[in-house]
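Each structure below is given as structure tokens.
Each of the next two complexes has chain A plus one more chain, namely chain B in the first and chain C in the second.
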Partner chain A sequence: MPEKKLQIALYWGAACGGCDVAVLDTNEFVIGVGFLVDIRLWPIAADGKYRDVEAMADGELDCTLFHGAIRNSENEHLAKLLRRKSKVLVALGSCAHLGGIPGLANQVTKQEILERVYLDNPSIEAGNRVVPLPSTRVDAGELEIPRFYRRVYRLDDVVPVDYYVPGCPPAPEQVKAALQALVNGTLPPARSVIGASNRTVCDDCRRRKEEKKVTRFHRPWEILQDPDRCLMEQGILCAGSATRSGCGVRCPDSGMPCRGCYGPAPNVIDQGAKFVSAVSSIVDSKDPREIERILGDIPDILGYAYRFGLPASLLQRSIR
Partner chain B sequence: MEDRRIGVYVCNCGTNIAKVVDCDAVSDFAKKLPGVAVARSYKYMCSNPGQEMIIQDIRELSLDRVVVAACSPRMHEPTFRKALQTAGINPYFLEMANIREQCSWVHDDARAATDKALALAHAAVRRVVHHEPLEKRFVDMCPATLVLGGGIAGLTAALELSDAGQPVFLVEKDDHLGGNLARVDLTAPYLDSARDMLADRIRRVLESPKIEVLLRSTLQSLSGFVGNFRAEIRVGADGARTVDVGSVLVATGFREFDARRIEHYGYGRLPNVVTSFELERMLREGRILTRGGRVPKYFAMIHCVGSRNPEYHGYCSRVCCMTALKYGHEIKSALPGAYVYDLYIDMHAFGKGCEDFYRRTAEMKTMFLMYAKGTTPEIVPSGPDDDCEMLIKVHEVLSGEEIEVPADLVVLMVGMEAREDAADVAHLVSISQDKDGWFIESHPKLDPVATTTEGVFIAGTCQAPKGIPGSVAQAEAAAARILGKISRGKIEVDAVFAEVDETRCSGCRMCNELCPYAAIEYDAATKRSRVISAVCKACGCCVAACPSGAIQGRHFTDRQIFSQIEGVLEWASSQG
Partner chain C sequence: MGFEPRIVGFLCNWCSYTGADLAGTARIHYAPNVRVIRVMCSARVDPTFVVKALAEGADGVLICGCHPGDCHYSEGNYKAMRRFPLLGRLLRDYGIEEDRVRLEWVSASEGKRFAEIVDDMTERVRRLGPSRVKTLLEADRVER
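Then we have the complex of A and B:
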């Protein structure tokens, strides 16, 4: 037992809460952790107010696990605040690591999002089509809500991050390993990816790999797959070859293609570009029209290739 | 990184660059860039004084990186690399900015062209900072050569190589040697016997202890790389041979144009319309007869059958004009009373001795009738009063008249075309074909027998239509190139190639089928892919495709390329 309990915070930005569940999925371990650490802030599971954080001395927290992307001014404010209060800041999960699913919104403008969500959405009842503004005057005074940004950022874009734990969500055993390393004081050099390996999902995948020549791409439910053969060779888009490993190959082992949530392989700058390049390399045709037909089977290549990392890519966002 | 000492040299290329790009502005701009120790503009950087300037600066100013803003690196990268080497630094510490082909030659607007040159110079300076020293390597050269095709080109090359003491495997698809020339009687313009020419060569080939002739044989596969090829050959119906060779010479020849394709000439339908090769056979056999067994009196040669006609082949087949003249000589010496008409578009008599031959043929009273390109003479049946088998109607261009000439035998001067198996051969040995199917040489003027695949050479009519002297000259040139490689004993392997980092390769095999040079091997035991560096041409396909980033192109690392792109973008954003 350490003489002084470790002081930690868990916080979410633009997130679904799955990373919190991944932490809870460490089951009895997280309870054990509770004996070793003081959880000072964890909106989903524990008490703690922003003002409590503001009252802390700089560096008072040993570690913050930050999950979720930076979508609005509140996310950024808390990221900066927690950064200042924490000795170690960990980007937990795909959103904090690379921008994640919320990052796909970088394909459209802020205006389009607001119109879609608050005006055009068919589920909005008539007469209630209102776009919320950052500040609203009501009888009681001025009400403020966080400012919605033009684009989504990853945590790294707004504050320096010490460690990245990839995954959507991270595998519970990897969360456990990261927490264990923190408790034991055995963290690797700063700014590295932890809770993952240095190879790709493909490398860990037990499926048989042969030469790849694809004449037709399929959605996973469209064909009866050979459970032992590489999914790509069967025409099912699988991001395993372009994705860092560490997840335990959970998706391909369950008959589903890898979706790329662990991010690019080490040394790769743009996971989506790599994936698109790999896909186009295995199309088995030299006839431009046939190639177009084969690639036409893929409904949303940008969404597929950059599912978890558009804000972290070279593209970052569409500019209009 | 920042304490690099870079020299930037801006070439005026006489006025080629300087007339559009402000070269002094480029060197003044470069002088101020971080890491640049010296920048100069000079009339001809590639000249000896230009190179001396660079060498001297490297030595006196301790430069460790050099940017030359000049022409395409395809033109002078080797020149400047050599200069760096002479000065004592690694030749790969050079980067070229192409401000000629990419600026002055393609833009009129001097201001914009200069702006672009500045951006490219900035990019080159940013890139060269990250250049790494690379070393060339050497592999052993196998002295044996695989010659595909036993025609005059293949025979000639085989003899040249074996006379120099080097082993040759001569692969011939047919059951005899000689190729197309074995079907020819006399040759223009000196009327030498093709049979005599071939017989001696074939005898020497068959007797040579250094040449192994494989008849009824075809190449099945070729793997490896220059100096170290392995060829699988099918011999006869079910035999097989595997041979190791250092070089490959493709001399697979041509096939004749199928005269049936021009329907109104009636070939295959009209009994006395024959092809030039059929007349050759009659001449060789010494029996010139119509199908009905009569000695013909009137001969008509129709030139350019399948050639110089965009519907069939746009090119000139080069040998048919002189061959037709040769028929005039042979026919008149065999049948002194015969009449010979040559229906031609243009008389191509450009070879040595050919213009004289044309004049002598005219003196023998061969009748020359010119028809217009884009038209064809018409063959019609003769009337009951005519003493000939057919009549040929032609609009004679020089007289401007419609002329009918009698013919007992119409000879179609069929052109040359690429063989039906040319695409297969090209694929097997990794060379390219042009739009007409002929194999493509490395450079049409300066490197006519090499190909883009190192160690694979081409000679004879598989490269383009040509006569015997051209085929023989190419065969000898190819043999000389091959002997040159053999005499060096080692093959220099370029230091620029793709490499697989096995600690990052996941064995996904995306790259395996992608390499146009078959330079990637998959090791089933380790489950990793590997690039055979000697075969790699550094095209970068696998580098781009590798989803795990395990393949890097030497001299084209991400770092280098991104720096270059940033160089352009930074310059552009500095302009607002």
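Then we have the complex of A and C:
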């Protein structure tokens, strides 16, 4: 038992809460951690007010696990606050690491999102079509809500991050490994990806790999797949070749293609560009028109290539 | 001052770079807007190169390789041919106009063809105007 318990916080930005569940999925381990650490802030599981964080001394927290992307001014405010109060800041999960699923919103403008959600959505009653403003005057005074940003950012875009734990969500055993390293004080050099490997998902995939020549791409449900053979060879788009491993190859093992949540493989700058390169290279044709037809089977290439990391791509967002 | 497009050109060593060289030695006049980067093969042009050029402010990207069937490495240009349509769709999803990125086959004897391609592409990109990519990404950092 350490003399002084480690002080930690868990916080979410634009996120679904799946990363919190991944922390809870470490089961008895997370209960054990409770004997080693004081959880000072964890909105989904414990009480704790922002003003309590504000009252802390700078660097008082040993570590903050921040999951979720930066979508609005509250996310950024808390990211900066927790950065100041923490010795170590960890981006936990795809959203904090790369922008995640919320990052796909970088394909549209803020205006389009507000109109779709608050005005055009068919489930909104006619008299109720109101776009919320950052501040509203009511009888009791001025009401404020966070300002919605023009686009989605990674945690790294607003504050310096010490470690990245990838995954959507991170595999519980990897969360456990990261927490263990924190508790034991055995963290690697700063700014590295932890809780993952330095190989690709393909390297770790148990499926049989032969020559890849594809004349037709399929959605996973459209064909009866060979459970032992590489999914790409069967014409099912799989992001494994462009994606960092460490997840335990859970998706290909379950008959589903890799979707790329662990982010770019080591030394890959742009995951989607590499994915495009890999997919194109297996097309079995030398005729431009046939190539177009075969690749035409693939819907929404931007969404597929950058499903978990559009804000982390070189181009970051659509030009509109 | 008028807008002068900045186009990054990736030219394969064996055909297209030699073709561009021929355009020069033959003293053909053509637009000076393409900055040439020599690569060993059009297959060497990773889609990352194209995306990076655009992210860093290029107004256009031109990739040139040997004609199909003439590749020095027998099949390299087919790899470029296969990558290009999907890369093009990716870029259009990003909102980048089709005319900004182009794949062409230029042999070592086609100096004139190279000059015509460069002239035509420069004019098309000039009509589109400067790429807004870099400006927007810089603005995103200043104002959220």
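Following the convention adopted for this analysis, the second predicted complex is superposed on the first by the 320 of 320 C-alpha atoms of A that agree within 3 Å, B and C clash if a C-alpha of one lies under 4 Å from a C-alpha of the other, contacts with A are read in each partner's own complex, and residues count from 1 in each chain.
Note that in this section contacts are C-beta pairs under 8 Å (C-beta built on N, C-alpha and C of every residue); 3 or more make two chains touch, one makes a residue touch a chain.
What you see is a predicted model, and the numbers here were worked out from it, not measured in a lab.
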Three-chain arrangement built on chain A, chain B and chain C clash or fit: clash
Partner chain(s) touched by A:Lys274 [first = chain B, second = chain C, both, neither]: both
Which of chain B and chain C A:Val183 touches, first, second, both or neither: neither
Broader residue contact with chain A after superposition on the shared chain, chain B or chain C: C
Which of chain B and chain C A:Ile291 touches, first, second, both or neither: second
Touched partner set for A:Met256, first chain B, second chain C, both or neither: neither
First, second, both or neither for A:Lys213, with chain B first and chain C second: first
First, second, both or neither for A:Ala242, with chain B first and chain C second: first
Contacts of A:Asn198 with chain B and chain C, given as first, second, both or neither: first
Intersection of the chain A residues that touch chain B with those that touch chain C: 269, 274, 277, 280-281
Touch list for chain A against partner chain C, complex: 73, 76, 107, 149-151, 153, 157, 269-270, 272-274, 276-277, 279-281, 283, 285-286, 288, 291-292, 295, 298, 300-303, 305, 313-320
Residues of chain B touching chain A in the complex: 503-504, 506-514, 522, 527, 541, 544-550, 558, 562
Chain C to chain A touching residues, read off their complex: 46-48, 50-52, 54-55, 68, 78-79, 81-87, 89-90, 93-96, 132-133, 136-137, 140-141, 143-144
For the chain A and chain B complex, residues of the former touching the latter: 198-203, 209-213, 230, 232, 240-242, 264-269, 274-275, 277-278, 280-282
